[in-house]
Structure formats: C-alpha cells, structure tokens
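Two complexes are shown next, each including subunit A; its partner changes from subunit B in the first to subunit C in the second.
And now, the complex of A and B:
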C-alpha cells in the first residue's frame, strides 16, 4: 500500500520538473543557458505567497476555476499507473473517469475565462473547446485501442498487461497509438505545433490567454495543474513505450522517471525544430491523431 | 517478418489517407510513388523462402513505380505548367472520412470474403480494397487530368496488393504484363496531358465534359 502512495507523491513532486527540462532543451537549441531547471518551483513558491487580485466583474466561477482544475488533475494522477505498477485508486473503468476528469478541468478553466468578460479570454476559450472536439475522441479511441488489447477497462490493468511481447505482435497498433497520444499530448498541454507557451500576444494564445486574469495562488494552482497534466498525459506515453518490467520496484520506477524526462526532452526538441501551425491547420493535425486512433482501433478489433 | 509486413500494410493505409488529404500535385505524385515502392516490398516479406525471380520482379516494380512513373508524371506536370493545386470537388476532411469509412467497410468485407488459405498476412485484403477505393476517390473528386492518372496508379497499387493475397506463387508473366500495360498507359497519358494543356491552356477535367464532334449537333439540333 505504501509504494503506490510513494509513487503518487513522487509524481506530485517531480511534475514541475518537466517544464524546466523542456525549457532547458529549448535553450540548448537556441544557444542559451536558459532558466534554472527548478524555475517552476521558485515561481510556485513566489506565487503562493502573493495576494490574489480579483476583478469586480468576476463571480465565484472565476475563483473556482483554478481550484477545480487542480483538484481534477490530482484525481487524474491518482488513477494513473506509475511505470507499469498499479495506482492505489485503480478500478475497472477508470480510463473513462480519466477522460471525464480532463474534461472537467477544461470546463472549469473555460468557465473561469468566460467569467471575466474579456473578449480575448472568450477567444481563447473558444479555441480551447474547438480543439478539444478533435483531441478528446482521438485520446479516447487511443485508450480504447489499448484496452481492446487486453487488461480490461482499467489503466493499471492495461499497462501491466503490456509486455515486450505485445510490441512484437502488435507493433502497428502500438506505434499508431503512441503517435496519436503524442499529438494529443502536445495539443492538450498547449505545446508548440498547436499553441506557443512563450507567446504573449493575446490574439494568438490559446491556453495562456485564458489565465491572463488569474494571479497569486490561483495562478500557482494553474501552473501546477498544467505541470501535473503534462506529467499525466506523458506518463501514458511512457507506459506504452516502456513495456519492460524488471521486477524490482526501484529499477522500474527509475526507468519510468527517465522515460518521462526523455519525453519532456522530446517535447523540447519538437518545439525547437518547428514553429506553431496556423490556427486553421491545427484541426488537421488533430484529425491526423484521430485517424491514427481509429486505425489502431480497427486493427486491434480485427486482431 | 509478419509484423514487418503488417507495418508495411499500415504504411500503405496511411499513405492512402495522406493521398486523400494532400492538396499539392507534386506531393500526390511522390505519395503514390512511395506507396508503389512500399507495396512492392511486400512479396519479399510475406513468404519464407524468396525465389530469385521474385526479387528481380520486385526490383523491376520498384524501379518502375518509384523512379520512372514519378519522373514521367512530374515531367507532364511541369510541361503542362500546372501551378495550382489538386482542386478537390469535396473537402479534405470529407475525403479522409470517406477513406476511413472505406477502410472500415473493407475490413468487414475482408472477413466475409472467401479466400484460399494463402493469405499469409492479415489485412492484405482490407488494405488492397481501401487502396482501390482511394484510387476511385482520386479519380472522381479531383479536378486535374494528372490526378486521374494518379488515381489509376493507386488503383493499380491496390490490385497489386490484392494479387498477393490470392496467389501462392507470383505468376510473374501476368504481373509483368500488367506492369507493361500500366507503363504504356502512364506514358500515353503523360503525352495526352501535355497535348490537352497545349490545346486548351488548362487540364481542368470539369471543363473537358463535352466532345467536340457532338457539340454542334447537340446545340443545333435541339428538337
């Protein structure tokens, strides 16, 4: 019982490291030294000690947004397996809850953004929801394709069922699922081909523009929730590409954390070598992910 | 080996989808060529002992589909001076959805179709049927004469893959004859496209809907 809890707290503690790694890789490609790798921890510490400022036009929805978002992410993380080891909250059908928890977090953020009455935030909310229309089915169908491979409807069951032998027999399906999950991962975390986290022009932002009016601890909740989301979706990919389990808990966990860092570095490389897509082209990218998922599901179903 | 063949099948299907989704003619030509080359690798992987005749045959197919066809088509495209894109009648998302639907339908059909017990790799029949469908889609919904040739080539790719499911031994003579036919067809069509474009200053098939000999009779003799 203690080990799943340790896994959970490890994820909570290590998650803010991922944006730091991404920034460091981007800085390396740009020939800079970059911000410290622990920068997000400093930011969170600073923000928590600030007094939030609330606009007079906002209501309780605006204050509830970050809290609900963070709470949903904490629940998501509790469902996820860690390096093939089951989580302490896993049950049959938890992958459906996972998708809905991500949806609740999105809804809370969007409502909070709309509550401010700013037209820019409304635009950001509109884009976020529009892209989610494509990203959510892709994500869900990719999980369905994995579930179809055995292990039932529980994430822990699916990933403990995923062995190197599965990669030998079902590599087309797993390749398609990995590609689809990676695109969804980039889109959901508003990384580069979809959204640029560095941009500070309200017209082009998607996620960043929705949180413009948040400050203090609320902003810290949002940053921390985003880091947890990065960890959560990344850990799904890590579980797929890292099917080998050595039996020792320490080695498995170490390999899993290394895989997470590797995925963060991969995101950094993607952000360094390509620019963001035109907003009109983003649905095409997400449709590609959806196509991959549907193909994987068809292949898995006919297997 | 079977897994590798399945990966190739997946690549063929993904190429189908990207053919349905890509807008530029040059990309379409390259994609169709890549599909032909990848499909030509299949007979080398599907069996255990590969006879030397098959290897020669595959090399011929790769040379023809990977080098000569794209070269002919690119030459026709450049000579016909086509600057604009493929101009589909239906949108790209609709094309992708149609392709996916075709793949789903053909995987259902693949389970129903009685085949000899020679299909060594699963998914050959669905992949070939959906490739043929993609070829028809290119033929019917794209408005340029070059895409008609491309659609024809994609259909040929599909038929080639289908042939792998049906025959234990590659009947070399039959396949060679088909290849020769396709080669001559692409050659002739390349020349035709060039002549069409020189005659009419465009290769838009939507405007090539009436035969010149019929036209005066139709308009004059409307009784």
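And now, the complex of A and C:
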C-alpha cells in the first residue's frame, strides 16, 4: 500500500517538471538559455500568494471550474499505473473512468470560461469541445487496441501484459498506438501543432484563452492541473514504449521517470521543429490519430 | 401487485376528480397532483418489493374482453420500468402545481391534470398487461392523453403542427403493433402473452420487424423520430419531462417484452439494433448540438439516449444469439440502468428548462444569458443534470454507460465472436459522450452564463417552491444512483433473467463498487481542493473588475460568443448531415452598413424523407376522391360490401 502512495506523490511532485523540460529543449533549439527548469514551481508558489481578481460577470461556477478540474486530474492520477505497477484505484474498467474524468475536467474548464462572457474565452471553449469530439474516439480505440492484446480491462493489467516480446511480434500495432496516443496527448495538452502555448494572439489560442480571466490561486490550480494532465497522458505513452520491467521497484520507477522526461523532451523537439496547424486542419490531424487507432485494431485482429 | 393496481385506480379516480372540478382550477390542480403523488407512493411499494425479492405476481380479472382476458403481471422487468414511471410522474406533478399556475383561467387546467394522470395510469397499464388487449388499450390511452397535453397551447401554429405529426406517428405505430400481435396470436388464437407460441423462422423475424417499427416510433429511433423533437418541446415542461423521461421508454419496454416472447433471437436482429442505436445516438446528439431552442435541444438529446439504450439492447441480443453470456448480460443490464438514469436526469433537465421558459418567457438560446445570477437554483440543477447527461462521474449517467462499455470491452479480445459490433458501440459511445459535452456546454453556457443577451433575460425570478422541491428530488436521485450503483446490480440481474443469464452482471458488481469508489474519491478530492482554495484566500475578499477581454475594458453583452457561434465549427463539419439553413449578406463595399445573419436547424428527415413521401401518398389519394363524396348511405353500402367480401373470403 505504501508503494502506490509513494508513486502517487512522486507523480504529484514531479509533474511540474515536465513543462520546464519542454521549455528547456525549446530554448536549446532556439539557441537561448531559457527559463529555469523549475520555473513552474516558482510560478505556482508566486500565484498561490496572490489575491485573485474576478470579473463582475462571473459566478461561483467560475471559481468551481479550476477546483473541479484539478480534482479530476488528481483522481485520474490515482488510476494510472506507474512504471508498470498498479496504482491504488486500479480496477477492471478503469480506462473508461479515466476518459470520463478527463471529460469532467473539460466541462468544468469550458463552463468556467463561458462564465466570463468574454468572446475570446467562448472561442477557446468552442475549440476545446470541438477537438475532443475527434480526440476521444481516437483515444478510446487506441486503448481498445492495447486491451485486445490481453491483460484485461485495467490499465495496469494491459500494461503489465505488455512485454518486450510484444514489441517484437506486434511492433506495427504498438507503433501505431504510440503515434495515435502521442497525437491525442499533444491535442489534449494543447501543444504544438494543435495549440501554441506561447502564442501572443488570443484569437488563435485554445487552452490559454480559456483561462485568461483566472488569476491568483485559481490560475495556479489550472497550471498545476495542466502539468498533471501532461503527466497522466504522457505516462500512458511511457508505459507503451517502456515494456521492460526489471522486477526491482526502484529501477522500474527510475526508468519510468526517465521515460517521462524523454517524452517531455520529444514534445519540446516537436514544438521546435514545426509550427502550429491552421485551426481548420486540426480535426484532420485528429482523424489521422483515429485512423492510426483503427489500423492498429485491424493489425491486432490479424495477428 | 394489488397495490400497483390500486395506484392505477387512484390515478384514474383523481383524473376524473380533476375533470369534474374543472371550474375551480386550484382544486382541480390539487386533486390531480395529490392523486399522482399518492398513487406513486402506493405503487412504489410493490415495485420495490418485486425488485428486492424477485417474483412474478399475477392478477386476473374475471371480466372478459372481446377477444382477450384482463390479466396483469408484475415481474422484475416491468418493475424496472415502473420505478421511474412512479417517481418521475410524482415529481412532475409537484412541479406542475407551480408551473401551470399562471395558466389558471386561460387554459382548462382540470382537463390538463386529468390527461396527465390518465397518461400515468396508461403507462402503468402498459407495463402490467400480460395480454394484447389491455396492452393496446393502455398504449392508445397513453397516446391520446399525451396528445391532449401536447396541444394544450393550441393557439400557437407550431404546436398544432407538432400535434398533427404526433397523432400520425402514434396511429401508424399502433397499426404495426396490431399487426404484430395478430401475427403472434394467429397460431394459438389467443392474445394472452403466456399463450403465444414461440414463432420461428420468417414469422419470428416479421414479428421482430413490426416490433422495431411500432415500438421504435414511440421510442424515437432515427429515422422514426420526427414527431419527438416537435411534440416534446410543445408540451408543458412537466409533461415534456414525463414524455421524454418515461413515455418513450414504453417503446423500449415493448421491444424487450417482445424479445422475451420471441425467445432465441437471430443474429441480424442484434446487428440491426446496434446500427439503429449507433445512428440514433450520434445523429441525435449532433442535431441536439445544432438546435437553437433549449427544449428542442433536450428532445434531441432524448433521441441520443434512446440510441445508447438501443445499442445496449443490440449487444444483448447479439450476445444471446451467439451465446456470449457476458455480452448479453452487460448489454441488457446497461440498457436497463440507462433507462432509469435517463428518466431522472432528463426529467431534471426538462424541469429546469421549464423554469427558464416560465421565468424568461422564451427558451431561445440566443436571447438568454446570465440567468445563473437570477435563478441560482434552476441553474445549479441544470448543470447538475447536464453533467449526468454527459455521463460524467460521480453522477448516475456514467453508471449505465459504464456497464455497456464493460460488455463491449470484454468482447474485443482476439478470441471474441463479437469484436466488430463491440468496437462500433465503443466508438459511437465515445463520440456521443464528447458531443454531449459540447451540446450541454452550449446550452448551459448560453442560457445561464455570461451577461443577458436580450431584454427578455433581464427580469426573471427563480422557480417556485414546488418546482424546486421536484428538481431537488430528482437531482438527489441522480447523485444517489451515481454513488450507490452496486446496490442496483441485483434488481437489474433479476430484470434481465427472462432474456439472458445474469451471473456476468452480478460479477460486474465488483467493477461498480470500484466505480462508486472512484466517484467518492472524486468528491473527496473536490472537497479537499476546495478547502485548500479557501485556505489560500486567507479570508481576503477578491478584487472585482470587468472581464479581461484582452485589454478591452468596455465589453458589452452583444460581444459574447453566441450559442450558434459556439457550435459552428462542429455543425459546419457535419453540415452534410445537418443541412442547416444559413443566410448572410455578401460584403460588396468597403464600409458595409447594417447586416444580419441567421441560421436555422432544419428537420432534415421530415423535409427529405417524409414530406416527399407524404406528397406522393396525397397525390395517389386524390385519384380516389370520387369515393369520398359525403353521402352517408353510400358509406354504409361500402361497409356492407366489405362485410360480404370478408364473408365470401372466409367461406
């Protein structure tokens, strides 16, 4: 029981490191020194000490949004395996709960954005719900392709069933699933090529524009929730690309954390080498992810 | 069992009472509402008893009907449907007390209450009948009473149109059912359900097709749904709640009852139901997304939920046909749980929409806004119901869908015999869930959040006390089912025993226990984070300002993102299906003057399928107008000729 708890708290503590790594990689590609790798920790510390500013248009829903969003992410982390080991709330069917908890966070964020009555936040909310329509089936089918390989319906079961041998015999399936999950991961976390967290034009933003009006501790909750989401969806990819388990909890956990850092670095590379897509093209990118998932399922059926 | 009959009797009695008290609207309303609530309390006793201690109770009345007997049976399958019928009609009656008050003197409230209770009694009769004659009597009474309620505001032209479409749909549905029952009864010559011989081969398929058409018309399967988005918004809101929440489920019940009678199903039946369900779910929520009227949006969402239920039944049928116990049990079980869940959250949503209509005088999304500050209770209940409708934990909507997902995910393995249908269901459910979030964010966002968009949203009041009580009761039930779903597994298993072996559903109780644990964890985490948030503010008051709006300090209500704009990317993407009408001026000069823009969600199936077909039938019928000349003597002659022809044919 203590180990799942330690895993959980490790995830809580390490998650804000991921955006720092992404920024450092981007700075490296841009030839800059970049912000400190612990910048998000400093920001969170600063924000929780500030007094929030609320628009007169907003209501309790605006304040509930960040709270529910962060709570849903904390609940998601309690479902996710860590280094191939089950977490304390792992059960048969937890992958279904996982997707719907992400839905809870989405609805809370979108409603909080609409509560401000700002047209920019309306735009961001509209895009958020639009892209989820394509991302959610892709995500579900990618998980279904993995579940078809055996191991039951819990994420821990599926991933502990995944061995290096699976990568030898079913590499096309796993490659396609990884690609699909990576696209969904970028879209859900509002990264390039779907959304650019660094853009300075509100008209083209998605996630950043939805939280324009939040400030102080609320904004800290949102930043922290976003970091946890990055960790949560990234850990699914880490579990796929790191099928090897050594048996020692320390080594496995260490390897898993390194894999997470590697994924963050990969996001940084993607953001450095390509631009953001036009918003109209994003559904097609997500449909590519859906196609990858379906292809993975077909290949899995042919095995 | 006897108590269930007594409760139906009370409903009929109170209907007669409010009809006779019609001159005094206050007393008539009191009689109607009291009758509904008392009947519900009495009716719930045997219902809950049968669900807890599964049994089959029968009552046969000696009075003989023309061809059948008056036999009533209460079994767990009926009880699962009776539960939401009693609860929702009682809640709707309480709500109606306040809701109909402003209509006193203008509308015949005595008749309205009589029809409302008659509708409830008819639903109880449909659920208890074990014979085709009382079943069809109940079925037709249900259609007639709800028609009377739909056209309560008949001075509006669109209400009259809705009523007409509803009448035609109800009539044609009943025709299919008559045909189906005669097919079933022809071998044995009796119309009692117990005496039906199990049909085989083509006859069984013919019965099934008639059931899908007849019951599908009531349930709102796409493309048989066209009456639903017209009639549900036209009715008073508490009636909309009952119609959407439980009345359309009578179609689902009928379908399940026929599946019980038919026994071993064929494989393609399951496929047909899965396809109908997937199309109804995805297209239903897409059309919901495109609507501009709150109640129409909710009506389309009912079609979506019926689609989800039908997918579950389709998986169940397929599991039965291919003997996959886990698919059959979880498919049927999930469908039945969603029947209950949808009754509660859709009832809640229609009631909160009714409060908006009541207070603001319109349910037009583009004309509302900022109502949360004026009607905090209604807004809270609407968002609560929305979260349940989007199948979000920790509320009840998630539990039924979870069972269907579980059944589907259990059968995607390499050795499974039903992987493809399971994947179709998973994909459709996932897309439906994401689209539902978009539709309800649009609805809730444009009605309750932001600033009022038009004057009509300026001075409303919150719902009346009884309205709040009814909504609070339903919201409580949504939360309780969301947290206590493991306790519902046993009654559900009892209900599906005539259809499938129940042990996989009982096994799923463990998973539901974890779902409840997850839901409790989420609630605990929300409370913890909220406490942390409060601690961080250290009691200091927040600073108040205007909405940031990227530096523009004088935003107006008209600058907000509208409901149509919110869903425009999605509706544009699905334009080939939705066929929204749009008109906007082409900008021809450098400084364009005033401009206007309009979009309209059109009834695609009505315009492109039924309207041309109706025109064809009309043209054909006009050729025979010479038969219809208005002379009564000749009409009697027709009857005589028809009788002689029948006699000659039979001799």
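Just so we're on the same page, the second predicted complex is superposed on the first by the 302 of 303 C-alpha atoms of A that agree within 3 Å, B and C clash if a C-alpha of one lies under 4 Å from a C-alpha of the other, contacts with A are read in each partner's own complex, and residues count from 1 in each chain.
Definition applied: a contact is a pair of C-beta atoms (placed from the backbone, for glycine too) under 8 Å apart; a residue touches a chain by one contact, two chains touch by 3 or more.
Nothing here was measured: the structure is a model prediction, and the numbers come from that model.
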Discussion item. Following the superposition defined at the top, how do subunit B and subunit C come out on subunit A, clash or fit?
Written reply: fit
Worksheet item: Between subunit B (first) and subunit C (second), which does A:269 come into contact with in this model arrangement: first, second, both, or neither?
Response: neither
Discussion item. Which chain, subunit B or subunit C, ends up touching more residues of subunit A in the combined arrangement?
Written reply: C
Discussion item. Let me test your reading of the model: by the given contact rule, A:111 touches which partner, first (subunit B), second (subunit C), both or neither?
Written reply: second
Worksheet item: Does the superposition put A:93 against subunit B (first), subunit C (second), both, or neither?
Response: second
Response to the item:
Rounded to the nearest 10, the angle in degrees at the CA centre of subunit A toward subunit B and subunit C equals 80
Item to complete: Once the structures are superposed on A, label A:169 by its partner contacts, choosing first (subunit B), second (subunit C), both or neither.
Response: first
Worksheet item: Where does A:12 make contact in the superposed view: on subunit B (first), on subunit C (second), on both, or on neither?
Response: neither
Discussion item. Can you report the least C-alpha distance between subunit B and subunit C in the superposed arrangement, rounded to whole Å?
Written reply: 9
Worksheet, complete the sentence: Note: overlapping subunit A surface for subunit B and subunit C spans 283, 303
Item to complete: Name, in rising order, each residue of subunit B that touches subunit A in their complex.
Response: 3, 6-7, 9-10, 13-14, 17, 21, 92-93, 96, 100, 103-104, 107, 110-111, 122-123, 126
Worksheet item: Across the complex, what residues on subunit A touch subunit B?
Response: 168-169, 171-172, 175-176, 283-284, 287, 291, 294-295, 298-299, 302-303
Discussion item. Under the stated contact criterion, what part of subunit C meets subunit A in this complex?
Written reply: 369-370, 372-373, 383, 386-387, 390-393, 398, 402, 405-406, 409-410, 412-414, 419, 423, 426-427, 430-431, 433-435, 437-438, 440-441, 444-446, 449-451, 510-511, 514-515, 517-518, 521-522, 525-526, 528-530, 533, 536-537, 540, 542-550, 555, 557, 559-561, 565-570, 573
Worksheet item: Taking the complex as given, what residues does subunit A use to touch subunit C?
Response: 48, 51-59, 61, 63, 66-68, 70-72, 74-75, 78-79, 89, 91-97, 99-101, 103-104, 106-107, 110-111, 114-123, 125-127, 129-130, 132-133, 135-137, 139-141, 144, 147-148, 150, 153, 202, 212-213, 216-218, 221, 279, 283, 297, 300-301, 303
